[in-house]
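There are two complexes below, and they share chain A, which is joined by chain B in the first and by chain C in the second.
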Partner chain A sequence: MDAKDEGRHSALLSFLNRAGRLVVTVALTFLGLLLATFLIGRVVPIDPVLAVVGDRATQSTYDQAYKALGLDKSLAEQFWIYLQKVVTGDFGTSFMTKRPILEDIARTFPATLELATAGILIGTILGIPVGVWAAVRQGKLFDQIVRVLGLVGYSAPIFWLALVGLLLFYAKLGWVSGPGRIDISNEYVITRQTGIMLLDTALQGEWDAFRNAVSHLVLPASLLGYFSLAYISRMTRSFMLNELSQEYITTARVKGVPEWRIIWVHALRNAAVPLVTVVALSYATLLEGSVLTETVFAWPGLGLYLTNSLQSADMNAVLGATIVVGAVFIGLNLLSDLLYGLLDPRIRRRT
Partner chain B sequence: MAPLLTVEDLRVTFPTRRGPSEVVRGVSFTLGRERLGIVGESGSGKSQTGRAILGLTPRPGVMTAKLLDFDGIDLRSATPAQWRKLRGARLSMVMQDPKFSLNPTMTIGQQLTEMLRFHARMSAAEKQRAALAMLEAVQIRDPDRVFRAYPHELSGGMGQRAMIAMMLVTEPDLLIADEPTSALDVTVQVEVLRILDRLVRDRGMGLIFISHDLRLVGSFCDRVLVMYAGRVVEELKASDLDKASHPYTRGLMNCLPQIDRDVRPLPVLQRDEAWAR
Partner chain C sequence: MTELSRRDWLLSDHPASRRQARLGQAYRTWLGFRGNWLAMVGLGVVILLILLAIFADVIAPFDPLIPGDLRTERFLPPGSGAHLLGTDDQARDIFSRIVHGSRLTLMVVALVSVIATPIGMIVGTTAGYFGGWTDAILMRITDIFLAFPRLILALAFVSALGPGIENAIIAIAITSWPPYARLARAETLTIRDSDFINAARLQGASSLRILWGHVTPLCLSSVIIRVTLDMAGIILTAAGLGFLGLGAQPPQPEWGAMIASGRQFLLDFWWVATMPGIAIFIVSLGFNLLGDGLRDVLDPKARK
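Moving on to the complex of A and B:
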């Protein structure tokens, strides 16, 4: 009993130790991200004062605004102020929409989140089995077809595919709805709760609106899904080929284990470890907001917002959105690290 | 008594850019419930011989034979389903390095019980009991810990014992041991060999012991095949090893230094094109 308690105690300690180290790492990474965005904001040749007062202001108004923005202080002091603001969620106001940046992001990010999540789900659920099977049928017809489809996925411009998709499935066949997230007739049926259209409509029991939202989502999500599928299936194929050539696969064959189990249990279980990172990074790339897809489909997401802000030199908005994208990357990297440890016993039980 | 395994004119061929390359070239032997050693340098085709008997010639290699008969079953025409029934249950193989031959993401217990899962009708509790008993039989002191351990948590010697336990838990008729101790420390080698020897002897299995170490094989097996460039150049009783007539066998014998003799210059293994023909 005593020894058991002791074991539990040391397990708790090592967990706390690991968690503590993790928090420090994340905090440092985030600090680096903030420093980078802060410096970018100071380096770009956009005068933040002019953006506030306009280019017809008198010199005294200009100076006043200059002081009000704290630009007369030292760079370190400015960064400290910036840090305090960011921590309290104050990213400033957008010059373009005249609203707090945080509000703008809260409005645009769920749209991107919805689209990216649907895309990565399609890409992963289809991409992994396709990649596994391509590895098993290496050099055969199926493998060649997957290779060609993957190549098209990599190299075809997405806006072109998007336009062709709209022309075919929306304009000609009428299978899906066109640009936007939902028809105008449905837009005011629902009240905004999470900002994720599918969730909002489902939670409020508006099933007609739900179906409408799905038919809007399906085409852009499939396109993004296709792109991540091209990458995920290719990586799965190469990880699987590597695993299938290992000695432990021969051991399993010697044991008389059926081939399906060798592929889907023995090999895939080991290939899953590096795959986690691939999927997480693909997801992060989609969450960044794919500007072209969002533009073609008039999808009011983060990518569209970021591009519009850049074009109108709305630095507060650009920096705010950049921080969100950076935070998403940090979060997903963290998640994949945790999953990595969960999937690989060699990392899990390291003492 | 009918032999357990009859091999006649076994050939393994790999296609290469410069035409097919034969790595096993007409190997023939029979095996009863005895211990047969196959010795040769690397590239002599001894491992490929072992794998061919299990139908595990790696692609794109092709195995052919005039006769490949295991206990009345013609292995040349065995279907995948027949192979799955034979492998593990009646034929099995201990491989070289437990670091690579055990699945890193499954516990030893999972890998052991998996062997029983496809070859024995047992409840989960029975499987676990059989696996633990087998771990004990390979002289693992705390089988419970090893049962729950992952391969990377075991030493090489421990891992190889677990491997032997896994391959013997179904009590196969024929075990192929492909350099089972080459990756282990010298001190552990003897122990692992002794365990393997005792289990094979107790259960009356046939054993094919593949190694590059002629003396080790001589002390451990009843009969020895010496392979060179894909052919059997000499077959002799282990007790007659000193009387080996083939120059290659003699060369292998002499390549070990002896403490009481100082031979200078050190002997070099002589190879002759004619042996390979």
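Moving on to the complex of A and C:
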């Protein structure tokens, strides 16, 4: 009894220790990200003063703006000011939309979130069973088909597949709606609440608009889903192969446990632990990969905002979007680390 | 020497010289590699890409940059006359452009690996060999870079440095070295305390000499496998940057940029954007197959 309590106590301690170290890692990584964006913002060949005052400004106006932007201070001081601004959510103003960057990001982020979430749901729900079955049928036809599909997913450029998909399913077959999130006729039927189109339309009972939004979403989401499916099914397969060769599986077979139960309950439960990491990483990659997909589908999310800002050399917007995507990416990365430690008792005990 | 006896000489269990042992080892690796037909397909694709790049001037029937007759030769469909894959909006032969584009693709892959591999090797072996604070600091930096979104960071870099294929290469290289550093460090840790390293140290070899002469060669093979596996990703990232208008600039026949310029004509003239995409797909599939095959042969730990 005493020993058990003590064990639990030390497990809690080690978890806290782990979490503490993770917080430090997050802070350092985030600081590194900010340093990178700060330096990128400094080397850019556009004069930030001219961007504010215009190139017809007098020398004194120029000098005033130069001081106001803090460019006369040392680089370290400038970085400190930059840090304070970013932490309070002040990314500056966009030259393009003339609005605060944070407002722009808050407006575009839900669209990206909706797309990436739909993609990861498709990828996970299909990818795990496919990977499990490929492991069970190792070397057989099904396994080979999954392998080829995975290879195609690893090798095809996503923006090209998106274009071909649009050509085929929208232009030729007419199965789905084209670029954008919703048709213009439906655009003003709904009022913006969460920013997530499917939720907004459903909450307001506009089912026509809901169906329309689904038909816009289905192609880009399946495409992202396919790419995460390629990754998730491959990893599931290798984790399952690893589990199925363990001795407890033989024991279960000898005991007469039905084969489906061995596969889907005994083995999958153990394979699920590293899979959590894989799904989290894949989600992060989808958020990043949406930059190219959104450009093709004119999906008004963070990725499209980023590329539009790039093309108009709107540096504040580019760096703001980079920081947000980077922060989410880092967060998911480290969250997957933490979850792994939480779920796997072997790691929990080792630390 | 007949064919059979040369084979016997290579596969001999009792090599008489170091050269024979090395050649024999290489031959055995080759035999293992040859048995994997998918890997051979990958190798074939990569060799074809290299040949295309070398002999682009001979193979391409038209000039990749100079427009043809804009009145009669625009948007010719594939297979019309001398234009195997059709022509684009400026009446240029798409096949010739793809052939010349192979040079750009190969250049990106080669330069990124030439820049990123040494950075990763130096950081990884140094961290692993010295340990302690050096290790902690170097690996913390590596982890920070590893947690970054690669494409987004490359985008930000290119936007700061200005669009262009050179800057795209630098941006991709800067974001792709961390996995190599991790790998090189892990390999270094396994050999750091072995007897031959200690022997070299006792003979008074400097750390630099040990790192360069003894540690680096042993880490190289696993890092090279990893680099080969990453090459498809490098090609896709470069094509993505080109597609967004941040990589190679028009009229350069870079495949990603070609897709971007063909995109506006997609509905009426599908081949303009589709053909370069097929080229990217085949080449990156080739690199993926080659990398998988190399890993199976050279890295017995990963073989399952």
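Here are some notes:
Assume the second predicted complex is superposed on the first by the 308 of 351 C-alpha atoms of A that agree within 3 Å, B and C clash if a C-alpha of one lies under 4 Å from a C-alpha of the other, contacts with A are read in each partner's own complex, and residues count from 1 in each chain.
As a working rule, a residue touches a chain if its C-beta (ideal position, glycine included) is under 8 Å from a C-beta of that chain, and two chains touch if they have at least 3 such contacts.
Keep in mind the model is a prediction, meaning the values are calculated, not measured.
When both complexes are superposed on chain A, chain B and chain C sit side by side without a clash. Of the two partner chains placed by the overlay, only chain B lies in contact with A:343; chain C stays clear of it. Judged by the touch definition given at the top, the superposed model places A:334 against chain C, while chain B stays out of reach. In the superposition on chain A, the chain among chain B and chain C reaching more residues of chain A is C.
In the superposed model, A:40 makes contact with chain C only, not with chain B.
In the superposition on chain A, no contact is made by A:123 with either chain B or chain C. With the two structures brought together on chain A, the opening angle seen from the C-alpha centre of chain A toward chain B and chain C is 80°, to the nearest 10.
In the superposed model, A:131 lies in contact with neither chain B nor chain C.
When both complexes are overlaid on chain A, the residue A:256 reaches chain B alone and has no touch with chain C. With chain A fitted onto itself, chain B and chain C come no nearer than 12 Å, counting C-alpha atoms only. Those residues of chain A whose C-beta lies close enough to touch chain B in the complex are 246-248, 250-259, 266, 269-270, 273, 343-346, 349.
By the touch rule above, chain B contacts chain A in their complex via residues 54, 56, 80, 83-89, 92-93, 95-97, 100-107, 114-115, 118-119, 150, 152-153, 163, 166-167.
Chain contact summary for the complex, chain A toward chain C: residues 25, 28-29, 32-33, 36-37, 40-41, 43-45, 151-152, 154-161, 163-164, 166-167, 171, 238, 241, 284, 287-289, 291-292, 295-296, 306-307, 310-311, 313, 315, 318-319, 322, 325-326, 329-330, 333-334.
Listing the residues of chain C that touch chain A in their complex gives 140-141, 143-145, 147-153, 155-157, 159-162, 232, 236, 239-240, 243-246, 256, 259, 263, 266-267, 270, 273-274, 276-277, 280-281, 284-285, 288-289, 304.
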